[in-house]
């Protein structure tokens, strides 16, 4: 992980994105601290995924700036932003269905495969170390025996796990995970939570979108609450739990006292 | 391999076996058998001038009751779709599998040019009933044709219009395909040689049904007449739209299309007064007999190139008769064909020159009124 | 002798094989529904025919045909980069019509509808491939080399990225790969081989004109790629053999001469429909497009 | 000369619109390129010829039967062929290939049944058009333009007001959601083919009267019709009519200045430009790929 002098890895400055009348992102400002897990929570349609798409350059903002690692990345192409060290997990599964699990992971591990002549002349063979790394990562989530299975034959939960591993395997200094545990059975949730915490202790920075507030609070150091395109509140999970604005606008009755 | 896959592969293999058995079955008894291959576009856009020659051949075959001297005559038809690659496939099959003694075809000059080197190397004589490209003249000794090259037709028509009619400024409207471009080039060269001026040249794509704007561009120029190179279907459209636009200029068609009964019937009075050029008919008796027999068999009049198909077939039969017990029938047919002089065909009097081209007197005809025609001149 | 006829069919199979596997590279592997393949075939044929008629050596005309077609392949890739699925298909089909209209009307260069006759036989290191058998050997060798190159590309990590683009281009970009460059390579390489095939066609048929490169030539090649099975080179080989040989037995079936032409076309179309309905994923198809 | 050019463009545009509207209706609902729509037009035109010129039925009856025949033919193609492919979740490229095969099949069938010679429906006599603000136009041509415009309006209301029309737009917009609210997609596909092919029947009648009939007329009309549909916006039916008129104008005004050989080249160049810069066409809804 390359050390940079800024304490914040990502800064969003006055970000705006309107789809026709809908103010998906309405002048948002927030930062994500290095070495921490930050959760971005909020009701459906709060603009969370839109922020992710804006950061990753899939859509261009109407106004405002995105600064990553001290560099203004607004308007850059998605592949260029990604190569600056951002790895993203999509909300719905976006595995390469006709390829095997191993092939999906190999695609993420490096970008040497885009060099035409080197590949044609036989370079870039899959080395021992890559095999081991894949096996080791798949082992973390108990998926090692599915290594050579065609992705479309996996269950939804298994696909999510493979995608998560693919995101982690991609060289990155910042992980953006869009609902990593959505639709995953409780047993697997625990192993994902374990993986995220393990990555954090290794110094990684993670920003995740999560609907399951209990899971979000239990795993993150910082929480940002979005509502109708605006930042409602920022702070540690405990601060957010007691914040009246958040309670009234969003949490209301469904927030249970104890955290799972 | 799944069940259905095996079925499909099975069908293909059986089909090929059946085909080979079918071929070997007939291959042996070649002594008493004369085989003639026919190459014409039977489907696709060019089918309108590919089917008539086939009908002419069918009629001729019937007339000789499938026999010549003591030999049975077999005709094998192949569809080229006016595509050079398909033409080569068909001619390879005719020469190497069916081992035909002579070939009638192809209709489209592009196909004839593609198969000319093959028939030349295999020494199988070929008579084209319709390919008019000037390039075919020197495509080989084994390549003949019973239609004059575009070069000849263009020159004769240019002479007629410049000298006999005495016009100096004309426009040309031609179909943008091999026949059209060939005719346009030969007319333009000769007409300008004689001092005439081509004021405008317009073209339309094969299969287009709208030439109104082209006609308008021509109407806009100060010219004395329009020279048109077209095929049967387009001629109807041109005549119709010229009438609709109130075009009063005299129309000269450098094509036999107007000889086609369908065209006259469809065009109606819009064809009145139109002058066109074609191969001169021999004595009327010959042509009428052919037309009556054709009408009897197909209950409609012979379309463009049917007569040429009929003549091509009979020329080969005539050559075979002369060759009698020759071992190498193909080369003998070729030599015989070169001796053809003033053969009274239904498509005109045929004399082959040294290059296998035909020297046919051309007739200039004028359509007086709904279908009645008058021969103005023989050149 | 039967052999000459079979040699002819094998030459056709060789040329169609190069055309089909290169189309497979863009349609089956990269998911680019490229209906402009016949335009590159035409460009290759015209470049090599014009140069050959100008007396230039075979290897030069042959390679330039490929490179010329590749250049147009890149051009098409650059201009259609943002298009997907149907829109790409329609744009590339429009490209085929544009190239057809140009070859038909630019009479100064291509002699328009009169075509280019009399293309000389190829000769390499002093040996002239005058008879069909030696030409078959030439075509077979070139087809084999093309097959090996394309197999190598598709089996390499580079090929894996192409398949990723086919399955989900957006996700591939988010992994940091410049999919625009990759798609341009795929279309360029596929155009290169189409150009090569066009050059061989010109040398073999010795006459080319615009009407040899229209929609009716695209349909059989596309049928081979689909019936062979998308992203399956083995399937493409078998489908090429089947579809080139398919019309041949029909020649021997004795239809009444009045319907001989249309009857064969109808059976050909019916067999095509039968295979498409029975095996939508093709004989060896292993992938499912969306 | 300007008014005459205007009239020529309107006539050409109207004919393309008749073809494009039916094709676009089917495309927007069923989301695949039904190229065999041209065969429906060709076959219906020959059917009208068969009824009117061969059997000698009254013109009115022949017209009604032809429209019924056209929608029946389109409906059959969907039920017998396309439905099976949809059930097997065949991809778009396979549906496109199938439509090509159907086109070949029907064109050969027409050739077999009616022969290759040129046929004309002798209902309208060839007469000099009458003057209309300095341009010459025949009564039939006025009918063609009128029917085409009326069709545009009828289609617009059909899609906006009627139950089936709204259901079609729902399926076009989002098949899954439409099915959730109880619209059976299969049912709507059939309706799309019935209505779309009925329009093809109308096109067949008017084109059959204006031009003569030949077996390949379907392909030629289809290429221009689909060009118009794309320029107008492949997803929107009114767009297809608008695009067709634009195509008519561009072609006719174009060849007024350029040599007329370039007529098709102009059409396809415009198509290519639209597909690059505004691929959803004039009225099309920009489908941003997520």
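Here the chain labels run A, B, C and D in written order, and each chain numbers its own residues starting at 1.
FYI, a contact is a pair of C-beta atoms (placed from the backbone, for glycine too) under 8 Å apart; a residue touches a chain by one contact, two chains touch by 3 or more.
Please read all numbers here as calculations on a predicted model, not as lab measurements.
Asks: Quick check on the contact network: minimum steps from chain B to chain C?
Replies: 1
Asks: Based on CA centres, what chain would you say lies at the far end from chain D?
Replies: The chain lying farthest from chain D is A.
Asks: For chain A and chain D, what's the span in angstrom between their mean Cα positions?
Replies: Measuring from centre to centre gives 48 Å for this pair.
Asks: Between chain B and chain D, what is the gap in Å from one C-alpha centre to the other?
Replies: 34
Asks: CA centre of chain A versus CA centre of chain C: separation in Å?
Replies: Distance between chain centres, rounded to whole Å: 43 Å.
Asks: Just how far, in Å, is the C-alpha centre of chain B from the one of chain A?
Replies: 72
Asks: Among the residues of chain C, which are close enough to touch at least two other chains?
Replies: 104-105, 112, 170, 261-262, 265, 288
Asks: Got the chain D residues that touch at least 2 other chains?
Replies: Within chain D, the residues that touch at least two other chains are 107-108, 111, 259, 261, 264.
Asks: Of all the residues in chain B, which ones touch at least 2 other chains?
Replies: Answer for chain B, listing residues that touch two or more other chains: 42-44, 47, 50-51, 176, 205.
Asks: Can the chain contact pattern be summarised as a line, a ring, a star, a complete graph, or none of these (other)?
Replies: Shape = other; not a path, cycle, star or full graph.
Asks: Which chains are in touch, pair by pair?
Replies: A-C, B-C, B-D, C-D
Asks: Mind listing the chain C positions that touch chain D in their complex?
Replies: 27, 33, 79-80, 82-87, 89-91, 94-95, 97-98, 100-102, 104-105, 112, 170, 215, 219, 222-223, 226, 230, 259, 261-263, 265-266, 268-270, 272-273, 276-277, 280, 288-290
Asks: Contact residues on chain D for chain B in the complex?
Replies: 1, 4-5, 8, 11-12, 15, 107-108, 111, 115-120, 122, 125-129, 136, 138, 141, 207, 210-212, 214-217, 220, 251-252, 255-256, 259-261, 263-264
Asks: Enumerate the contact residues on chain D facing chain C in the complex.
Replies: Counting only chain D, the residues touching chain C are 31-33, 81, 84-85, 88-94, 96-98, 100-102, 104-105, 107-109, 111-112, 219, 223, 226-227, 230, 234, 259, 261-262, 264-265, 268-269, 271-272, 275-276, 279, 289-290.
Asks: Can you list the residues on chain B that touch chain C in the complex?
Replies: Interface residues on the chain B side: 4-5, 8-9, 11-12, 15-16, 18-19, 22-23, 41-44, 47, 50-51, 54, 58, 75, 77-79, 81-85, 88-90, 92-93, 95-97, 110, 113-114, 117, 133, 135, 139, 176-178, 180-182, 205.
Asks: Considering only the defined contacts, which chain B positions touch chain D in the complex?
Replies: 42-45, 47-48, 50-52, 176, 201-205, 207-210, 212-214, 216-217, 220, 232-233, 236-237, 239-240, 243-246, 262-263, 266-270, 300, 303
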